[in-house]
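Notes to accompany the following structure.
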Amino acid sequence: MRRECSVASAMAPRPLTLDPDRLLPSEPSLRERARAIYREITDLPIVSPHGHVPASLLADDRRLDDPAALLITPDHYVTRLIHSQGVPLEDLGVPRRDGREVESDPRAIWRLLCRHWNAFRATPSRFWLEWELHELFGVRTRPSPDTADEIYDRIEQTLASPELRPRALYRRFNLEVLATTDSPLSNLSDHLALRDDPAWDGRVIPTFRPDSLVDVASADWAGSVAALGAMTGTDTTHFSGYLEALRSRRAAFADAGATATDHGPRRADTTRLETAEAATIYGRALAGKLDVGDSAAFGAHMLDEFARMSCDDGLVMQLHPGVHRNHDAGTATAFGPDVGADIPAPTDYTNALQPLLNRYGSHPNFTLVVFTTDETTFSRELAPLAGYYPAVRLGAPWWFLDAPDALRRFREATTDTAGFANTAGFVDDTRAYCSIPARHDVARRIDSGYLARLAAEGRLDEDEVLDTAVDLAYRLAKATFRL
Amino acid sequence: MRRECSVASAMAPRPLTLDPDRLLPSEPSLRERARAIYREITDLPIVSPHGHVPASLLADDRRLDDPAALLITPDHYVTRLIHSQGVPLEDLGVPRRDGREVESDPRAIWRLLCRHWNAFRATPSRFWLEWELHELFGVRTRPSPDTADEIYDRIEQTLASPELRPRALYRRFNLEVLATTDSPLSNLSDHLALRDDPAWDGRVIPTFRPDSLVDVASADWAGSVAALGAMTGTDTTHFSGYLEALRSRRAAFADAGATATDHGPRRADTTRLETAEAATIYGRALAGKLDVGDSAAFGAHMLDEFARMSCDDGLVMQLHPGVHRNHDAGTATAFGPDVGADIPAPTDYTNALQPLLNRYGSHPNFTLVVFTTDETTFSRELAPLAGYYPAVRLGAPWWFLDAPDALRRFREATTDTAGFANTAGFVDDTRAYCSIPARHDVARRIDSGYLARLAAEGRLDEDEVLDTAVDLAYRLAKATFRL
Amino acid sequence: MRRECSVASAMAPRPLTLDPDRLLPSEPSLRERARAIYREITDLPIVSPHGHVPASLLADDRRLDDPAALLITPDHYVTRLIHSQGVPLEDLGVPRRDGREVESDPRAIWRLLCRHWNAFRATPSRFWLEWELHELFGVRTRPSPDTADEIYDRIEQTLASPELRPRALYRRFNLEVLATTDSPLSNLSDHLALRDDPAWDGRVIPTFRPDSLVDVASADWAGSVAALGAMTGTDTTHFSGYLEALRSRRAAFADAGATATDHGPRRADTTRLETAEAATIYGRALAGKLDVGDSAAFGAHMLDEFARMSCDDGLVMQLHPGVHRNHDAGTATAFGPDVGADIPAPTDYTNALQPLLNRYGSHPNFTLVVFTTDETTFSRELAPLAGYYPAVRLGAPWWFLDAPDALRRFREATTDTAGFANTAGFVDDTRAYCSIPARHDVARRIDSGYLARLAAEGRLDEDEVLDTAVDLAYRLAKATFRL
């Protein structure tokens, strides 16, 4: 029974409550200050400029999925932590690429989450889930093996209500804009349908994410490039046609409302090649004859090309390097990507971004939002870069760092050198639609506590604190992402 | 007089006191919460699964050494800091390898500690020493040049008491199990003697640490391997015999109570070689004809072999890479290893551990406890690895990080991503037997303060906080190390 | 209007105030303790062992410059942050190397600072500027577009007063000693004039900074070396003459009051070459025929030579590697160095310093003060090195890390392993003469808060806290820098 510590024991059901002062500093006078700040921003609309909710969710506006499909199986934050307790991903319903059977009973999957609820203690996933259970589904009992079925039934019952439909939630969540993440090969039909739907007055916009079209080493690349050519009526058998096709899709994205692009390379290297050299690599890639180093060199060159395109078309460029994706080969083979087996690694920005920033870092039409999963770069590299180059904005703490204490460390490590004006506002980066308000709420609470401390320590005046709180919760995201 | 700041000045003796609330948060309401948590765990037995106390201490149960030999000379935490103030290691009684005379008067050595007491201000060594002085030896005066002799005499007098014998202290410390660290070449006679001693009802278990048998570049290696062969009746002139001999010693260790192994390589690389290639390096090593890179490649391969053996025999594998040992060549030549001249360096885990974790990271019988002296890896690498791979558990902050603020930073940086259930409990890692309770007490106090904050911030409920406190202080170490 | 968040809006003028408790912990009992500590050290003289104020300022004792030239244009902390908001350096009056016109109206430059005052929220530059405005110039209105002219006039008017002359400020600032930073080619005339001025009873001492004479790859190097030869009457066409000339200048600096040298290489590598090899590189450099790697190898060797010279002449060696200088090539070409475009990068100390410390780290006449802009090295490398090697002292958090929260993190990350006695005291490292008291005041306040916490947590006794506070604010800098 080596896992005994982490398995919820059978006992009398415990209540599930939400402390109205949660995440605010505990010291009474600081809490009072933080509350006052939080009150000013808690009702501000949510601007969500970077996430992974599919546009079809709002276009179709169907009843949400069952509790497992809604809250567990597609959320790699949740599956990874249950997996760490020795639960196979099959048991969580994660589909296998070979089509072999996996758990298909949502209630059985839900029970696994409840059984391992203790493993989530003090994690952000638990914080978000608690909010969803309490606020959306009216659950008032803490998950445990004994309460799993009762909670499951309660969620199922609530999901049937029209108030839980995606568009109703959009209004309830006070969303002002919701950005999705999309392949250049997407025809954006859901975005266009929403735009043309007279019954819809929200704002769901695509984000141009071309990683799959840049990764020349991937097996799917040549097919994707051919599809890009077909889609745009461009000859992508040579490099200049490929660039032209990408520019064409960027324009289509902008027409559909996009204001940003998104790039997640392994490293941040931005060394530009001679155009002829890039074209030669492109040709080798199409011929299936890549040399060692071609893939990395081409990826670095393309970051430069995308930055140049941004200077031209004004799309904000988002960059988040540094994650070793698919770290567990067995899991990657069996389940594919994005199931929780991605692990960060040290990431260089100072040297890697120099070529790009030397070319475009002071361009008046360029904004580069930089994210990291390596918090050592906060004070050492990212804040100094953002505190000098006009184009650079610091992305919010992201992925493994989107958590209360990490959000606080981000402010403490970057404000000295970058100030607030060089930060980009919060992004929730989530696939879990129902968790969006909880995620923004965490950031607003932590920033309220941080600003309360600044006021208490005489570092900002009261009016500045309130003004800054609105910047961090609302204005900076709108301004940075040109929304 | 450039060192004047750090030398205790002559003045009226100051009292030595222990604040009952020491290390608890100072804010009154948080302190009250932390006290309540601490009260629940302060009397739990101590589980010490990783340390360096010799088993002979308890097997022999002799009077403890003089104050210098007990508290100063063998403790590199203490000698290094006095050395940093310009005191030669000879003056602290550290034996020279060439046999040249060093200070042999324990009272003179003791006076040096008292003279440099100020250099220890706010360090964990001082915290541990104060506890020992106050609780074990009844000292009520702060060490200083003026009080050195009086304190020395007091310790000497107390050490004569039967209550200060090692076995009496074992009971007084409320130890439930104490693991030692042992060479595979150890015959474990002291462990076996203890096991068979009807007058002894404690639990002292060995830990299998094969580093000296893996370091093919060391001058002693060939002799050690020959001794291993002789000890096990195995032909260690070829690689498969060497592996068989190691397995045989692991079985003997398990018979003597061991539940774990321990590995301290320079780097965490775990790249497996083809078996034939490993065997070839082994042959070159025996022939004294190593190629460049052989030593590192063989060490990496052996980590894979040891992980495989752990899957078979269930011994928990502990890994603590990243320390540049014997950084000061002159000191290494004169005094040998483990005298305080080891310095950490940046350590890669994400890439280095991938081969091993891809093979064994989800094996149901495998547990890998990973330690670090590079705290940048807490949030970036170790918590993500432990929060995904079922086999990985985070070792406690260790060595340079076994200190109040670092223990707190560990929780703040890892809990978000790994939770508590993927941590391994506290280890004291000490050669200083008398400091064991103080070391565990520091961890319990810091965790109480951390959990108090979580409760005050609405991140955990009261019952969960108390339950987690027992996990961290007691259950997780037992479960992780299969005790 | 993407920058709208960071631009001060027009509204009723706000007061400018200084909270007497600023930067002290906000929790009431901790604040009370911190206040008591701060009261004991706030009136201690300022020891400034490392900075960039020109000696001519005090030698000439002229009226200080206009507000822009005094507080903005030469201070790269200030220009970089305004530049990050999209303001060209030309508009801030930073002179171009090609002589093309830049803004020359100090009032226009001042208005830019006031317009972007919000970008400075919670930054240390704002903290220092507020102190200067409030305490030196009597400003009681917060800078904003509407108040810019009024404040400008107020500063101008105040600057006319004899109380604002540099020497008067030296006394008012309670400076005990002020070190400048000087090229070996400086004739130190201002220092000598001050020394011989009967009307001057302060202490302004030079610091020997030979970087420009070591950088063999720089275009100016050969000329500098020739000038060095002419100045010292030494034949610098060969390596031994070059070393002799450097020793000669060190002696002249020591005669003029210098107690320290200063070295800012890109990396901390200290690998010594064979003397003949170093001489060969020196020859190639003079011949303009450097090989790849020559420059780095020569720089590393020279750190060893300088350490050896320090053992001989007792000048304290300061080392601050790790900054990628002139990161923005366009800015470097247009404006030259030191205009805010320097970005830190990861820095190795453990391996890089080993050669030098193995040779001189225990030498009784050697002190090496190590600075960093990479705070990951605080607990991992620098504190362990300083906690072992007698020669090593930890320099204060510096440059990007000279800020309230970073100062606190420095103590929390280094005290465990290095204690206080191995730290070097605060350095302000500033070009902004008027900001010196504010910078030292920040450090004193943060240290008071940190020590208050140690006392409240039972980690230090009351008398030790007060004694340590004086060490940190005054004694350690004097002792370390042999003042």
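Each chain carries a letter (A, B and C) given by its place in the written order, and its residues are counted from 1.
Just so it is clear, a residue touches a chain if its C-beta (ideal position, glycine included) is under 8 Å from a C-beta of that chain, and two chains touch if they have at least 3 such contacts.
Worth saying up front: this structure is predicted, and the values here are computed from it rather than measured.
**Q** Indicate which of the five shapes (line, ring, star, complete, other) describes how the chains touch one another.
**A** complete
**Q** Through what angle, to the nearest 5 degrees, does subunit A rotate to match subunit C on its C-alpha atoms?
**A** About 120 degrees, rounded to the nearest 5.
**Q** Take the average of all CA coordinates in subunit B, do the same for subunit C, and state the distance between these two points in whole angstrom.
**A** Result: the chain centres lie 39 Å from each other.
**Q** List, in ascending order, every residue of subunit B touching at least 2 other chains.
**A** 27, 346, 376
**Q** Can you tell me which positions in subunit A touch subunit B when the two form their complex?
**A** 1-6, 14, 17-19, 21-28, 80-81, 83-86, 118-124, 127, 142, 324, 327-330, 340-346, 373-376, 400-401, 403-406, 409
**Q** Contact residues on subunit A for subunit C in the complex?
**A** Where subunit A meets subunit C, its residues are 27, 29-30, 346, 348, 350-351, 354, 357-358, 361-362, 364, 367, 376, 379-381, 383-390, 392, 412-413, 415-422, 453-454, 456-461, 463-464, 467-468, 471, 475-476, 479-480, 482.
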